[in-house]
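First, the structure itself, so that you have it in front of you.
Chain nomenclature is as follows: A, B, C, D and E, assigned in order of appearance, with residue numbering initiated at 1 for each chain independently.
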């Protein structure tokens, strides 16, 4: 791979410089966030009049942030589990079998991510409150999140199946294993890393979601993005938000790294 | 809380006097606490230390009264009304656009102010208002209020403005540096301005506009827009804009002015001569309250001077209880917020949701409702 | 067991039932109810929705000019954001996929993905700082006699392009990785310089990946209402109209009617790109 | 000799494609049976039908005495070595080999022992702990073999197991495979498209064409007495004489085949002899093949014939200089094979130069 | 004869791996030049160096008179047929073939005409509008060829172009390729690991081993007079005699090679003759190969020898019955090749049975 375009050194240099520049542009605002988490100024005055660990201390003590984090983690975890189950079922069903309506099914799976969040959010809110008369709750967030997370799992599973083919399962059955044993000993373990990668992506997607969440969350269940949203609009809370954001960015490297390692074949899949 | 809350939602059922309140019995005495109380509140009105450890007036309440407080926050006035209909809540912090609906709908009971030891200390200009009483009977206890002020950059804006004309007819002086509140309810600010400057339009109440009046306000705002740098909707955005100089003049809340000033921005906030729009919130007791005694305990607690001082300073509004001024950490707080200034308060037209039935009592025309205002606001922004 | 062996159709059916129930009932149901609601009306007096069929909401949507303006503006911004992201993403993705060492490749993917986890709001506010009158952009531009564009369309476009850039880079990167190196070599071998190879071979081959990325950038922009509030100055987009009507005005039916616009736009877009095979590249 | 596998009237249609077309086939116990044929002729499909991965459209499949037509793969006492080996990548070599026993709930100690033994058999003792990706192609192929053999199936199906290997390794594996089959003594059904491979390894060979068996015979029969032009063209190189050429050279109407190695190259016509066929022509091409040299002669009667002779005596070949010279070709009439032209088939061989 | 390509002291190192090691090589204009060698021996690397996809670590590469060492691929008058063909999947067959001309801004009418002509040349006239995925492997290979030929390069590089094809198609393509080369008359540099392919097609062959050329010769020389044991083992099948066996049978110390087709199988020892080598043994294996039969004989002196003889006279072979019988092997002493053992190399051939 590397060196495949050995000869075009000029191009290589140009691309490298360009990539570097864009990465700088990507990270300057993030660096600003990190810097502002130490800024003594409440509203990120520039240049910072002074530096302080005060906000980090406050953030550490903020039970609100912790509760919101806990809600976010729970929502993301449950939504991911649902997405894992539904996404891999759909993936299992749709591989190789060419049946009428296959396109419709995959369109349906893609739709929640292809339609803007505000549409998905509003649609769910309307369904829950206007049509069904259900109160918004933890579960309404989970349902909405799981819906748009299915596609990440589905895509990862599909990509894996495409690469593996069906030979391994046939080999297993040939060796005397029934359908369930084959699934348990062969299909599932081989899907494993794809599921993990899809799950991690789906977890991340849910974790940072704000639009759909705004529509489907009740006041008792504030996810971290909602907490951030509210606190940005509260006086004197904005720097704590920066602390939280900085921590999130740094922590996010871990799951991303894992997902990357586990699914080098499906790296692009969201 | 009320800042963005009171412009929410619904069209209150009828105007004062336009309906008879359902006959709901009023509590006559406070008995033993039931051990818990279900509170429905704007975020920020019942802090238990979870946002900031030092911001906590719920835990002391529990300790003192033995009433375990179950707080549920709501996001819009509608949500509050809907949740109150379930009958599961004992007490609610309602804004001007929810109170009448709750009263008319029989969701709240009249409040026996004799049982509330702090009631006497509540500023008189907040008592017996059209949005918290019926025929002189209080349906709640006032919590706090605030005005939408005019803020300007003292370095740039000279001479100091005294009128809203600085952001309307004279806005072009600061073209591209004017800011305004990003909500349809801001149309009332324009109406208020027209009330004084275009008397021919016959605007009596900035929340009761007929088609022509609304059109006039919309025109005014469209002209203003040419000079607007941005519309603001949250503290952070406006404080930043005034500090950087992106905005130099526009509507504000006292708390924003204070924060900006505290961070070294050269700003001042005034209540212009035309008066202003603003908000006022009230605690009300549920008609089917399961824990009425604890509910009264809570109302008493939340209107106490010390707690009032805490809430007001945290939230950034004027406390209803003037005695709170003795307890604020910032000794100038009450002056800044004109807590006991009845004349000041009189100039405020509290946010009410416009409905098609004219709130100013006209019956010969249909007024524009909040839906019309939203459409108009969309059109103004273009 | 054995009936499943004999009847693959049944097997597929059983596997598909749970996800299709979920998506069909929960999601399609929600969309359908959104459409239904858009045909209802809201009672001014009680603020409640009245289940009376009417086309009023759509009539308003189509006759009041401002909605057309906003729709066109939103689509325009979405197109612009998509083009900017595609232009920025291609060289980076190309470098990642074909020039970087495997190690650098992995690091770059992480570097591109990480910002996705920093809260959307926090990043939008960071850009607010960038565009401010005394912010970094003004600071850089001033020596050249220029100034920050300030808050408005330009700032909104740039901020959205920034926010969604990773969603474009990743599919394009994956698409490029799938192009065998030998095709690059074959093109060079046949006398084509780098530019020609990129234009005639690489770009056409990863086009489906661009389309896949554009589904994200386009859809995310079509629905945005937060970033535009933060850096948009006086600008408003379709998302704001939906949000304002469902929230403050409590006019859910009209909000639902407005929400059908992005649905129609996205469905049309999906239909148009279906044949490129982009949907398998998501 | 008992029958290990028997197919009766077996067909498999995919839509319009008749992958397998009313096939009757009996494979004997312990036989090394090969299926040979061009791509798409249905070899893999037959294998998959026997293994149970596909249901026949019509017909009956028996293993020994039992009708297994409707049994799923895991209920058939047959194992397969896949073309791409299908080694489970997440299991070690030993775990791969154990797999069949584990599934059948054989006790751990026993299955360990049997797996180790199977690995010995394929000369991979000591490789048990490796991961599949650490193995070379040839080693993987042997793991696949061990994994199948450890179950002691009555029949082993092998689908082009050597297709992915390079020539040298392939030759080595051919020898090993044949040796293992002799040792374990079970029936091998072997698919290949390489005729040389089929000839060297098999007891019997079925040549497939378009879902049917064109000829079923021992290697020697197949090579020496191909039944049809198709078989003659597919197995070994052959010279086919037809029409005018046949009439002139052979003296009879019909289609005839003569193998290049049976043709002698002479400078002058020999004495007339009824048992010899004679054809004159000009050398048009001489191809050095290492062990042998092929000479392509343009016949005066039309068409061309190839004669191959071993480079047994000439150390540095002078044959190249013969290009363009006049020669006489002779062969024994008894080596001439009359071909059954049958109904015309699309893949029919044309007179091949080489 | 002018030189088309010349390499002087060319090396290519990847980290510690010396893929190509100080290579000197001259390829003549119009030559069909093959590179043969085991996997990893550096064949592809040499090709890529010539094409310009890699920069040499050291050395100079000339095309004709020009030093091209530092030129990018698109500036070299050389075209490549890739092992995986590298057909652009989004272009039609005609557009693929046109590509090089289009890049060089040849006018549309002319490039259409030339592309069509090139397609005719590879027998794909009328396929211009097809998409690559509608072609079979062999057809794709020919598109790749046409795409390269249309540019009329001075040199055409082909990296195992037939590696992916099945045996029959491969044979056909070998003939076609050779024919096309003769027609267009340009230099072909051809990489393969199939020795038979190299022998039949090439003017000269370089046998690679570990980044160096082990022997460079014509096919006949290479086969008949391999310079080293490595070459003897890699090209053709060979019997290698060494140590005790060599001493007993040949009567000399050293390592000797005799090709199986040079070995005669006799029932009794012939009259003593200085020009003949004689070895006695027992037939251990008889393998029918169709055109020939191989007999493996376990020598009394140790080791085994293979003798191959054509099935020229025996129509139905009776050789199989000879297994276990005593035989005498003879061959001419002049056919014996003394091998240069050189320094021991890992890939050294061992006495091969077959």
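Heads up, the rule we're going with is that a contact is a pair of C-beta atoms (placed from the backbone, for glycine too) under 8 Å apart; a residue touches a chain by one contact, two chains touch by 3 or more.
Given the structure is predicted, the values throughout are model-derived calculations rather than measurements.
Shared contact partners of chain C and chain D, listed by label: A, E.
The count of contacting C-beta pairs peaks for the chain pair A-C. For the pair chain A and chain C, the distance between C-alpha centroids works out to 15 Å. Averaged C-alpha coordinates put the centre of chain B at 38 Å from the centre of chain C.
Distance from the chain C centre to the chain E centre is 55 Å, each centre being the mean of its Cα atoms. Rounded to whole angstrom units, the spacing between the C-alpha centres of chain A and chain B is 39.
Looking at chain C, residues 1, 5, 125, 129, 132, 134-135, 185, 188, 193 sit in touch with two or more other chains. The set of chain D residues touching two or more other chains comprises 72. For chain B, residues that reach two or more other chains under the stated contact definition are 233, 236, 240, 244. Considering their complex, residues 51-53, 72-74, 78-80, 82-84, 86, 88-90, 99-100, 103-104, 147-148, 151 of chain E touch chain C. Residues 1, 4-5, 8-9, 11-12, 15-16, 18-20, 22-24, 26-31, 33-34, 36-37, 49, 88, 91-92, 94-102, 105-106, 108-123, 125-127, 129-130, 132, 134-136, 162, 165, 167, 170-175, 177, 181, 184-185, 188, 193-194, 209, 215-216, 219-220, 222-226, 239, 242-243, 246, 252, 255-256, 259, 262-263, 266, 270, 274, 279-282 of chain C are the ones that touch chain A when the two sit in their complex. In the complex of the two chains, the chain E residues touching chain D come out as 38-39, 166-168, 171, 175, 193-196, 199-200, 219-221, 223-224, 234-237, 259-262, 264, 287-292, 308-313, 315-317, 332, 334-335, 353-354.
Residues 1-2, 4-5, 7-8, 10-12, 14-16, 18-19, 22-23, 25-30, 32-33, 44, 46, 82, 85-87, 89-90, 92-94, 97, 99, 103, 105-120, 122-127, 130-131, 143, 146-147, 150-151, 155, 158, 178-180, 204, 207-208, 210-211, 215, 224-225, 228-229, 232, 238, 241-242, 244-246, 248-249, 251-253, 256-257, 260-261, 266-270 of chain A touch chain C in their complex. Interface residues of chain A, counted against chain B in their complex, comprise 41-46, 58, 61-64, 67, 219-220, 230-238.
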